[in-house]
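So, here's a batch of structures to check.
Next come two complexes built around subunit A: one with subunit B, the other with subunit C.
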Partner chain A sequence: MLRFVLERLLAMIPLLLVVSLLVFSMVLLIPGDPAYLLAGEDASPETVERIREELGLNEPVLVRYGHWLWALLQGDLGTSLFSDQSVADVLLQRLPVTLSLALMAIAIALAISVPAGILAGIRPGSVIDRVVTVGASAGLAIPNFWLGLMLALVLAIRQPWFPATGYVPMAAGLGQWWSHILLPAFTLGFAAAAILTRQLRGAMVDVMDQDFVRTARAKGLPHRKVVVKHAFKNAAIPMVTILGVQANSLLGGTIIVEQVFGMPGIGQLAVASVFTRDLPMIQGVVIMAVFVAVLINLLVDISYGYFNPKVRPQ
Partner chain B sequence: MLLTVDNLNVEFLTEHGWVRVVDDVNFDIAPGETLGLVGESGSGKTVSAMSIMQLIPNPPGRISQGGIFLDGENLLSLPDEQLRQRRGRDIGMVFQESMTSLNPAFTIGEQIAETVRTHLGLSRRAAMARAVEALDLVRIPDPHQRARAYPHEFSGGMRQRAAIAMALACEPKLLIADEPTTALDVTVQAQILELLRQLQNRFDMGVLFVTHNLGVVADICDRVAVMYAGQIVETAPVEELFRHPQHPYTEGLLRAMPQLGQAGQRLQVIRGAPPVPWDMPPGCRFAPRCPYAKPICEQHPPNLEGDHLHGSRCPLHAKLSLRGTTHA
Partner chain C sequence: MTAHASPSALRRFLRRFARQRLSLAGLGFVAFLSAAAVAAPLIAPYDPMAINLDRVLQGPSSSHWFGTDELGRDVFSRMLFAARISLLAALQAVVIALLIGVPPGLIAGLAGGYADSFTMRATDALMAFPPLILAVAIIAVLGPSLTNAMIAVGVLLSPTFLRLMRATTMSVASETYVEAARSIGCSEAWIITRHILPNVISPLFVQISVFAGVAMLAEAGLSFLGLGTQPPDSSWGAMVGRGFRYIDHAPSLILFPGLAIAITVLALYTIGDGLRDALGREVRTDT
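Up next, the complex of A and B:
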């Protein structure tokens, strides 16, 4: 197992290199000269030239990529063009917000979809199944920015049970953190819950017809055990695949949800950096997003082996 | 009697409405006895066997009438929870498809051990030890190691041995084996039959052996019940049934069986196809295919007649002299 993880980590290296090349090329593809931008409108050509020299913009592209990559490997993502803060520092400061949001969203999505998918899937056509199916369709149809605004309106403004905006780190108190994270996480996780529920429901319907479920019954196992142990572990396999895909799109979803709830996370940072053309910051955000996405896929692959022994490394 | 199946009727809801696929089936099994339930696909033999455990999917199936008595207790009137406690403990079951009837996500050992834990309340460790014993009993080599393997790491024959170990782990009084050797190649089939025979002697189990293969019946069964179109058409001890069949359908089956020492002869097939359950012939259900049929056969549905030893549903059986075989 350890070897499997190590192999997968090593396999990430070429991917991350390609990504780094693409991210670096962004700078070359964007119109305009960063030196002009930094120097300001009134600067003399000499000043611009000096800045260009300082930034190493006169050197060949490959050399610049080499310098940039070397710095990247040492954890130096450069400096923001606007705030003089290190990009890495800013990212590290904002990462916990986005991670809390995304992980809570996944937890909420699972907490909804696992029971709903199982209950609907063991009795297709029943009342529960119909309610769940309609709910899942609604979950897919509702855009998350609208859901977020409605939740904030009803549960934060009309009934001030939750704060409408902002974020409090976990260190400042679990209750505070919880109350700030709940609405945004629910907003973000709701669509994922709908997709996972549909997936699990379908898989449960299939699995409940399998011979091994009949065997489990013939052995005299209690109904709950037949469903939760024997059927669910098999039905969870396609669900885990979808969860991996969903986790990646949740990261994208944080951009909108962080805007709606005014959370100082990576998503908000990404939007702000794009508007100000803060290139090093955008590069940092993209690289980190890719890194997290690759890690999520690794986790999915590992958990895959738990649910499906056939794909377990020998 | 260990098991008595009394006037069992099973219906399925189809596009033709409720259709009876098992019609007035009666049989019983004594401790240590093996009854073969023989018939072609769709004859109702598997549905009858599943009904004993009440494993037919409901909907669309239902047991519309009858009684199933295990040691005199009617399983059909037991509450769900008590029925569950009989399954796997008093009645073990082995299925045809060893590939799909074991759960791919759990180890063989765990799948055996959980049965033991459920019914005998053993600890995890004791149950696993019992599972290893059970694997040893069905002669799986190196059972300690193999208990940790997953079904896909076993061959077909080994999986069926594991399935038998699972069914026998709680030493049930009755074993229901639904075509347990059909999916296996012939040498493995012979090994599994030998194993079943030995285990049966050891535990003095009653066995209901469902198969379409008369050769296997001759090999392992004490008595046979032949099913056709949802009904038992003939029942007798194996030797008697093979030598002196009293139903034309049984004769047809025997003639269609390849036999040693008769190489070069054509097998005789029964012409036509079985009726569909929503459009049964009004009289004898075999009459449209029967070479001996008389007009009277198509008028009244015949009953299963005869003494306790040999029964036949053929209205003409006393007048016919059907050909048997000495092969058994």
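Up next, the complex of A and C:
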């Protein structure tokens, strides 16, 4: 198992290098002199020079990339141009918000899609199937910020059952954390739930037609056991693959959901940094997001082995 | 004659699509909406910019169907004009994604070897980014504007087009009729334009309509954040973003633009579903 994880980690190094190169070249892609642009229109020559120095613009490109990458490997993401804080510190401080939002969203997406997909898939054409299919189509089409605003309007503003904005860390009380995270996580996970449900429903319809399911039934296994142990475990394999892709887009979605619910996470920071033109901060956000995405995909890969013995490490 | 068989395969595909009622309804809706957007100056009951401070933040009424905004402007008229921006932006993003994704996909599928593995690694790297984060990063570099946002969305969608083109090109290129054409001495350009392209276009249609929906959602999200459409222009997503501040007093300000986005995206997806079903049977009868 450890070897499997290590091999996966090693395989990610080239990918992360390419990503780091792309993120680094963001500075190069800014049209004009980035130092002037970032300093603002009426900045003093000293400020421009300071920013030039900070971004290392006086050195050759490859040397700059080398320095940047070396610092990055040591966890140094540079300094914010806006607040003079260390980018890594700011990100680490905000990471728990975004992580708990994304993980809760995945949990909610699974909690909706697994029962819905199974119930719809074992009886295609039934009332349940039709309700689930229509619900899934709606889930794909509804913009998440709009869903979030509507939920906040009905469940937080008109009926003050939930707080409309903000975030409370888990350490301050599980109940508080839960009530703050539930609406945003549902908002974020709804589209993923729709995609996973469609996928699982289709796979269940196919699997229920297979010979081994008929055999399991013929030998007198209870319906529940046939559906859960035989059919679902097989239908879940493609779903796990989709889950990896969905985890990635969920992380992106936190940008919007954090804005709707006023959560002080990384997504909110990303948007604010675009308006303040805080490039090192945005680079840090992107690096951090890709890193988390890669880690989540690794977890998904590992869980793959549970469902599909064929890919289990020998 | 393969050269004649291909257009008729495309016609068969379109005829099958025409039999799907739900998808035709989706197509009808998008066509109707596009017509309404084009005719917006003729059919809008009010000037979308006309400020009327006596009638701010009103709910739906017979004189203002969807109510009025914080400056007393008619929301229905504003939505008609915003439809132009939302539809054009989605189209723009899809065209950009096609331009970035299709040619290298075609080349990778035909050439194989290093060209193929290079393009595949490039798409791997692009797909490792959480999509909206990548869009925000690109907008950070180019500056917030609708065109830049749509360039970002186009870049985001392009790897899927690339991979789709690569996969379909590869499978078509190994068909016997391509080998036959090559062995009777057809030029490569002839083979690509007459034998390969007509046969890889139908799967592309499916992806285009689905991605038009995805692009519309992405534009709406980015404009909601203020990173897309900039005032005085307004898209449906930007309208929701402005209405955010008045959610308690005038929920209709976000209700109607949001519904418009959801219905349009749903229509685009149903078109995609219909195209996919038409394609599915096509593939089944041919193989």
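Note that the second predicted complex is superposed on the first by the 289 of 314 C-alpha atoms of A that agree within 3 Å, B and C clash if a C-alpha of one lies under 4 Å from a C-alpha of the other, contacts with A are read in each partner's own complex, and residues count from 1 in each chain.
As a working rule, a contact is a pair of C-beta atoms (placed from the backbone, for glycine too) under 8 Å apart; a residue touches a chain by one contact, two chains touch by 3 or more.
Note that the structure is a prediction, hence the values are computed from the model and not measured.
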Subunit B and subunit C placed together on subunit A: clash or fit? fit
If we overlay the two complexes on their shared chain A, which of subunit B and subunit C does A:N234 touch? Say first, second, both or neither.
first
Max touched-residue count on subunit A (subunit B vs subunit C) belongs to chain C
> Which holds for A:A218: it touches subunit B only (first), subunit C only (second), both, or neither?
Replying inline: first
After lining up the shared chain so the two structures overlap, which partner does A:L251 touch, if you call subunit B first and subunit C second: first, second, both or neither? second
Taking the superposition on A as described, I'd like to know which of subunit B and subunit C A:Q210 touches: first, second, both or neither.
first
| task | Examine A:F307 and indicate which partner it touches, taking first as subunit B and second as subunit C; both and neither are also allowed. | result | first
Between subunit B and subunit C, as viewed from the CA centre of subunit A after superposition, lies an angle in degrees, nearest 10, of 80
Overlaying both structures gives a minimum C-alpha distance between subunit B and subunit C, in Å, of 20
Overlap of subunit B and subunit C contacts on subunit A, residues none
So, in the complex, the side of subunit A touching subunit B is made of residues 210-212, 214-223, 225, 230, 233-234, 307-310
Within the complex, subunit C is touched by subunit A residues 14-15, 18-19, 22-23, 26, 29-31, 137-138, 140-146, 149-150, 152-153, 157, 248-253, 255-256, 259-260, 270-271, 273-275, 277, 279, 282-283, 285-286, 289-290, 293-294
Counting only contacts in the complex, subunit C reaches subunit A at residues 121-122, 124-125, 127-137, 139-142, 144, 213, 217, 220-221, 224-227, 237, 240-241, 244, 247-248, 251, 254-255, 258, 261-263, 265-266, 269-270
Residue set of subunit B touching subunit A in the complex reads 53, 55, 84-89, 92-93, 95, 97, 100-106, 114-115, 118-119, 150, 152, 163, 166-167
